[in-house]
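One chain, chain A, links the two complexes that follow: it is found with chain B in the first and with chain C in the second.
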Partner chain A sequence: MGYNNEGFSIYDLQLLIEGLGVSVWIFLVSTIIGLLLGCFIGLVRFYRIPILAQVLMVLSEFLKNSPVLVQLFLVYFGIPALFAIDISPFQAAVITLSGNTASFVAIIVISSIEAIDKRQLDAARSFAFSEVQIMKCVIFPQSLSLAMPLLVSLAINQLQVTSLISVIGVVDITRVGDIINQRTFEPFIVWPIIGLTYFILAKVIATVGSLLEEKYSAYRMVNKL
Partner chain B sequence: MLDLSAMAGYLPEFVEGFIITAQVSIISIIGSFIVGLMVALARVSTNKIFNFISLIYVDLFRNIPFIVLIFFGYYGLPEIGIYINAFWTGCLVLSIAVGAYVGETIRAGILGIDKGIVEAARSFGFSKLKLYRKIILPISLTVSVRPLGSVFINLILTTSILSTITLNELTGVSKVIASNTFRPFEVYVFLVLLYGALTFVISGLITLWHKRLNRYLEEGV
Partner chain C sequence: MIKIKALHKNFGNLEVLRGVNISINHGEVVSILGGSGSGKSTLIRCINGLEKVTSGSITVDEYDVADKKQLLNVRKKCSTVFQQFDLYPHLSVLDNITLAPINVLGEKKIEANKVGLKLLESVGILEKANNYPAQLSGGEKQRAGICRALAMKPDYLLLDEVTSSLDPEMTAEVLGILKNLSGKGITMIFVTHEIEFAREISNRIVFLDEGVILKDLSKEHFFSAEGGCLEPRIKKFLSKMDKNNG
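This part shows the complex of A and B:
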């Protein structure tokens, strides 16, 4: 019985496609959770809600200023050991990446709200707009158009960050590359293919992003920013 | 719950890991600066071939995850007859990858220079070399101290990924300590705080340096 374990097979392609699915799925889930969480942190800090704003600020500063790899280890190895609970690699990946994305989104949210002329808010208040109405009709549409380019480049960056989850055992594109590389010993074929896969994914996000940017560019066009 | 006493005995190991992280960071900062300077000059040059190559370089290395590059370097280099250890592989790949970001940052600084200054220098008969050496590079580098600083802080955080190719820097050492003490939570919280403090101090120093260098410039501070 000759079983050849070396060389490439058609199943490697299947593995790569499965890994691609896992990477894209984790990217989408963590980006959406990160966006919602980041908007929440940004608003809490913008309205200066006492205690909560300070706690969230310190937390997001440490999330921004430490390696994502260490954050992954903290969630995957540290939290189960301390609280005696089980966390799957997939859950750890989503928790870490969402938190990390949120801390960057919060900065973008705050800076794009603060970029709006304060006189507009005064004007809206003098017309007896409620705070919710001001947020919905004055701040949000303009901030969105300012934030869009920053959010797109954040998304491209976060796609690359997803590759780190391979280290805690999630079978994403990078892990698939590692598995195939360990078996075939063909690093010069495997890694360029993996790299190219990420490159194409990044270009897809950039294309979608520039469409979104264009769609929400009205405010920047008017103010020639 | 929280118990830091188990970690205390491992202070020498932490220090050793920190030293390796510092060494890799310093070597790679120098390396990526040299690479980045060349990329930036190629990007702004009038030579179409240099332009094209540097554009591809920047686009590739900014869109491929570092962990993929480091695996390629670690498993690929021995295949082409280059036998270097994890430390130097890390320095090499970091320099090449971060060089793309450094290049774009310096390029932004060069493009931001007032055209009038360049024209003035030209009218005084400066050669191209002298123009770059005496006018363009000094101005663009002083203006981009802070953006370069955040690129280099990112580089320091990225060194943690070298733990995946068996280098026992700060993160690699912590993995060993976490499994020896069975205290992963305390070890990794400590590590997050340590990296946070480190980047906080460095970005403070960069801001001070930036202010000092740009004290004669009205804009850019």
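This part shows the complex of A and C:
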């Protein structure tokens, strides 16, 4: 990094690494919560559990079809006003991103369950499997294989979306870039580095994702041998 | 014994089964014949509870199909072989066969595998045990489907046009296997368009027409001049089938 430029210092690197840590942490936490919540919403909607399914559908449609930045402001400024509680930028970021991720995960869960051939489910029923066993032994492994590529591209997209949280003051990589840029006025050095950092993270997710995909899709690969 | 009494099944306004009565005893091999849309598949699907009956009753031994808890017992006694095989594509052939014995009957994996391999050997596809269904030919898939059904050690075997998706050569393979089974005391109920085969292995023929049983006769009687052929519809059906097969 440009040590010949007086504007940069070794502390910028430290700042960058801290920002990276914040971004990755928020990404991981909100992705895990989003996955769990999304599976729950997806199952509730798939089994058409009365009332809950409708409520969750309206909620997830809203989350899916409105800008994340608007949701972020709603959580960060709305929740304290509504419930008279304090909420940190970090908490607001996690709540918003988890909810947003969950709404997309729910769609993936529903569509990948519905993609399973109904005749197979009848076959399993005819062998006296319970509905829970059918979900576990027949539907889930196949749905997972269908869902995996979609989940991976969702994760990469949600990683990029984490950069929005810098506007409410979370010091993530983007915010770090902003801080360094304001001091050094070197946008053509700072922002490519920040961009590259996201790129590398995205590549890491893609690599992990394709390993998982391979693991769960072995049976679908046989046709292509 | 399977007892079906006054069975009615409607899909919306469509009356598919209109008062079916049959009793099937242990060890019988019953062929269900009838034109397309006469309700044969629906009847089979009612027996293992895949379709809910509109009225009437079905019992398999002491168990009532309409009772949710007893239905599981019915399904443990009756195994089904499907026209489209309907194997689980994400599992190897062997795992397809052992999935229900392990999870439903609680068999140990080692035991279940042993039984599964023996069954695969008996139908001549032992070497396919670790392949996925997508790697098998249609005939091999159906042989695996038969093994999956037999692995549950069923008292009753329900077979719905199990050779209709196969070419003649594969059909012959599968029918050969079923013929071997028919001598072994397992009760078989199969829907088929293979008249010759029905004539060869079954001891009883049930002819379904527009949701009612037109004839229910021993095989000898059904195919004799004063049996099924007296009924014009059956005569027409048989001659049409002969033309198709010839």
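In the analysis below, the second predicted complex is superposed on the first by the 214 of 225 C-alpha atoms of A that agree within 3 Å, B and C clash if a C-alpha of one lies under 4 Å from a C-alpha of the other, contacts with A are read in each partner's own complex, and residues count from 1 in each chain.
As a convention for this text, a residue touches a chain if its C-beta (ideal position, glycine included) is under 8 Å from a C-beta of that chain, and two chains touch if they have at least 3 such contacts.
In this text, all values refer to a predicted model and were calculated from it rather than measured experimentally.
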Inset, instruction - Assess the superposed three-chain arrangement around chain A: do chain B and chain C clash, or do they fit? - result: fit
Inset, instruction - Quick one: the Cα-centre angle at chain A between chain B and chain C, nearest 10 degrees, please. - result: 100
Inset, instruction - In the overlay, answer first, second, both or neither for which of chain B and chain C A:138 touches. - result: second
Legend entry - When both partners are placed on the shared chain, which of chain B and chain C touches more of chain A: B
Inset, instruction - Scan A:125 for contacts with chain B and chain C and give back first, second, both or neither. - result: second
Legend entry - Which of chain B and chain C A:192 touches, first, second, both or neither: first
Inset, instruction - Have a look at where A:55 lands relative to chain B and chain C in the superposition and call it first, second, both or neither. - result: neither
Legend entry - Per-pair minimum CA distance [chain C against chain B, superposed on A] in Å: 26
Legend entry - chain C-contacting residues of chain A that also contact chain B: none
Legend entry - chain B to chain A touching residues, read off their complex: 1-2, 60, 63-69, 71-72, 75-76, 79-80, 153, 157-158, 160-161, 163-164, 171, 174-175, 178, 182-189, 191-193, 195-196, 199-200
Inset, instruction - Show which residues of chain A lie in contact with chain B when the two form their complex. - result: 61-62, 65-67, 69-71, 73-74, 77-79, 81-82, 156, 160-164, 166-167, 174, 177-178, 181, 187-188, 191-192, 194-195, 198-199, 202-203
Inset, instruction - Would you tell me which residues of chain C are touching chain A in their complex? - result: 48-50, 72-73, 75-76, 78-80, 82, 84, 86-91, 99-100, 103-104, 131-132, 134-135, 148, 152
Inset, instruction - Report the residues of chain A in contact with chain C in the complex, numbered from low to high. - result: 117, 119-120, 122-130, 133, 137-138, 141-142, 145, 219-220, 222-223
